[in-house]
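So that you can tell them apart, the chains are marked A, B, C and D in the order they are listed, and the count of residues begins at 1 in each.
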Amino acid sequence: MNQFAASMQEHREELVRLDTAIGDGDHGTNMDRGMRKALEQLGTQPQADVGGVLKTVAMALVSSVGGAAGPLYGTLFLQMGTALTGKAEVDLEEYAAAWRKGVQGVEARGKAEPGDKTMVDALLPAVEALEGAADLDSALQGAVSAAEQGMRDTIPLVARKGRASYLGDRSRDHQDPGATSSYYLFQTAAEALAG
Amino acid sequence: MKKLINAPDDVVLDALQGVQAAYPDRVRVNYEPRYVVRADAPVSGKVGLVSGGGSGHEPMHGGFVGPGMLDAACPGEVFTSPTPDQMQAATQAVSGGAGVLHIVKNYTGDVMNFDMAADLTRADGVEVESVVTNDDVAVEDSLYTAGRRGVGITVILEKICGGAAEDRRSLQEVAELGRRVNANGRSMGMALTPCITPGSGQPSFELADDEVEIGIGIHGEPGRFREKIGPASQIAERLLTPIVEDLPFSSGDRVLAFVNGMGGTPEIELYVLYNEVGKLLHERGVQIERNLIGSYITSLEMQGCSITLLKLDEEMTRYWDAPVNTPGLRWGV
Amino acid sequence: MKKLINAPDDVVLDALQGVQAAYPDRVRVNYEPRYVVRADAPVSGKVGLVSGGGSGHEPMHGGFVGPGMLDAACPGEVFTSPTPDQMQAATQAVSGGAGVLHIVKNYTGDVMNFDMAADLTRADGVEVESVVTNDDVAVEDSLYTAGRRGVGITVILEKICGGAAEDRRSLQEVAELGRRVNANGRSMGMALTPCITPGSGQPSFELADDEVEIGIGIHGEPGRFREKIGPASQIAERLLTPIVEDLPFSSGDRVLAFVNGMGGTPEIELYVLYNEVGKLLHERGVQIERNLIGSYITSLEMQGCSITLLKLDEEMTRYWDAPVNTPGLRWGV
Amino acid sequence: MNQFAASMQEHREELVRLDTAIGDGDHGTNMDRGMRKALEQLGTQPQADVGGVLKTVAMALVSSVGGAAGPLYGTLFLQMGTALTGKAEVDLEEYAAAWRKGVQGVEARGKAEPGDKTMVDALLPAVEALEGAADLDSALQGAVSAAEQGMRDTIPLVARKGRASYLGDRSRDHQDPGATSSYYLFQTAAEALAG
């Protein structure tokens, strides 16, 4: 979580720039504010329970990010946290299953389908990569690559969900900010968990 | 970026403190979580009206809290939807036993956050209904997308539903009236200049010195197309034609015409535009029965305007005329 | 220059037509010569209140025509004083037998044109008094110069004198009250950006991206000095200190605090500023008894603000609170 | 009058620029609008009476220029017209006397003294030149030179009257727009009357 927070701070301007092009320019600020709040909340809690940590992060995001990203990332972490309640250690299978739950939550909340030019376009392929992997290291690496590919694949798409959809055809040729923050999420997760 | 602020992260809090300082006997500001509420809330037996959305659109929504309009407003960060805990707390603060109506503009973030809040509040035992506004004809209406944005009609709807709630109409009735207002209202906006959010420090889009952006949203979202600037008569025509044809408004209709400034527009220009709107509607046989001219749903310092038309019926007109006493709209009291 | 207008020479006329179209039962617009007058003028037995000045400051003055405030307003070209024939005709239109008060902002042009009009009107047998506002502390006060400009206090004075006239006070009493309001009011303004008049097409001054101009007038006149932009707290201090020290306002005084936007200023920034003004006055023991926050005396699309303080007495407060029903200010009715 | 109107149209932008620097940027527009109105009014009238022409111009200016320049130029022409009522031809002495009356009117209306950085700084020296001249040609030329000099001499002055006075010291190093239009008035008068 520390790494993801640091990553959101580092990429704040980039996400703002992406969101300015096809949205309202707040995605970086929102995520940075939310992750700082999450760290604050975590600071005051014991961190033995992975599920508990994720749920704390979820609630912090829901109550501080706002916009579309708040409920979506909030749901992602909440569902993952529920799947991992009480666990101190997590194996690959549990890890992949938790991500699947989380992404299903995002899909249910936002009703976006693959190809709608949203964070789902980075999240889904990454989860599939986790599920298909043989060991943790290749899973983590595969997920990062898949998320990155999914993120890049949003560029030619015309948005059908979220604020970018108002632009119609003019949303083409821009990378989706939410897919980009999701890529950073997998990237930092891989760095944090890699042996 | 030059703004009359202390620091980008403090804008919303500082402004809320200013609101509290300005109207201590009319509204109460709650800071954790953030909402602005009528000083006399909850009003027993009255449907509570709660709205909210990103900040930067003032006077909407905080400036519309008061008798005859909203009971509470939840301000998010600039251009960012507020969070469910704000809405939940505001809903509880205005719940006077007759249920609470959430007035939500159709943006993914606003809708999802209000949905979560409604779930939480229902679990607390408060009856909650929602009306989602989606009047912006600049956006194509489709089942497969996020649909149309909620813009100018939101202000009108808050006033009309506020009148109905004050008249002790039931939650179902107020919600239905709100849906009827939304269904009979259409809007479109344009910009001469972009705006700059304090958080990003960057213009929301770039426009040449002789270009205007047609079909913009209220969050600095770029529009549907841009073109060389023409006279006010042409701009009025660009906005009105899609509005009129979409509902459609036709000869004999009586409407409320709302000419809105985007925040940085001089009032004199709004009257020039209103004059053109009047001429165009006259040509089509559409009669302006009520009007509202001013900057009521804004995008920070953006220069530009939007036009909203609402096809009036007797009930809407009556509640539009009913007394209202808020910092942003005030008459009849 | 990008504006919502048809042509630079048509702005004032088009806007007046818009005003007439917007409020047909409240005001009447006379086009030759130009003035805006209460629909029910002249009100018999009431002192008539006439003001006027260059256009581009809306809602002042045309937006303040109505019961409880002005009887008529004479709009000049943008930023240019109107002419004596306008004032003479307006004066006659509102003359209800109790005399007419001219409310004049202290600019050489306004004063000379109103003087000529007063001479003409007196020759017609109408009793005329004038009040000249000169509340701008950014300008040094001297017998040997044109003296101070009239700015924000003009709005407050029009409201208070409007209340007194509605109360059927005599011409002498209303004029004296007006002079007392002016004598107890002080203002100062600043700009983040210049404005562009339709006629010139050029910015009124140039400012770097991180500079503000302190002590500006309402006609795009440059200020007394410029400096790097600071936080809102500093800007409030820059404007308030000269205001407070000039009258001076001192501990225990009760004031009306008016935070005004220059036309292109987002409302959220005005509340941030009001918050700072409140803190600074609190430190000095000055109590804000009434307030007005919004863009009421503007300079086209200029971004910036002005602050006006008025030391209140009981009579001023009473007439400030009295009902007013104009497009620009409305309460109590 | 035709020439003065043409001159105001020609120098409109220049006067606007000068007025933007130390005033409100409308002097050129105001004078141009006023002189067009004056020509319009004159068009419908017989022009035998010099005084009548000047009074017509005066009324047109008063009712269409506004600002400071309207009453001031209005008064100038009104006083000159009164002095020349009924005349079809004017000799040098009458001409100079009419200007003196006109300028006295401006001084009375505006209360400006020489050195206050106003049109008076161009008008007064020009009138003195007229009064001191031996014949019409040298009078006209002398007045133009004196007005020009007076206009230039406003540059270093600090304004004490009119809108520029609000600037205090910052009004220094700019030429007064009203003095400039007055110079053009003498210039066109000289061209029109010169043998």
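Following the convention adopted for this analysis, a contact is a pair of C-beta atoms (placed from the backbone, for glycine too) under 8 Å apart; a residue touches a chain by one contact, two chains touch by 3 or more.
In this text the structure is predicted, and so the values were computed from the model without any measurement.
For the remaining chains, with subunit C not counted, the touching-connected groups are A, B | D.
With contact taken as defined at the outset, there is no chain that touches subunit B as well as subunit C. Rounded to whole angstrom, the centroid-to-centroid distance between subunit A and subunit B, based on C-alpha atoms, equals 31 Å. For this pair, subunit B with subunit D, the centres built from the Cα atoms lie 54 Å apart. For subunit C, residues touching at least two other chains, in rising order: 78.
Residue numbers of subunit D whose C-beta contacts span two or more other chains: none are found. Judged by the touch criterion defined above, the protein chains link up one after another in an open path, with no loop closing it.
Listed by chain label, the pairs that touch are A-B, B-C, C-D.
Contact residues of subunit D toward subunit C in the complex are 16-17, 20, 22-26, 29-30, 33, 62-72, 109-110, 159-163, 165-168, 170.
Subunit B meets subunit A in the complex at residues 33, 54, 76-85, 107-109, 112-113, 115-116, 136, 138-140, 144-146, 149, 197, 199-200, 202, 204-205, 217, 219-222, 224. For subunit B in complex with subunit C, the touching residues are 2-7, 11-12, 14-19, 21-22, 55-56, 58-59, 63, 78, 192-193, 209-210, 212, 229, 231-233, 235, 263-276, 278, 288, 291, 293, 295, 298, 300-301, 303-305, 327, 330-333.
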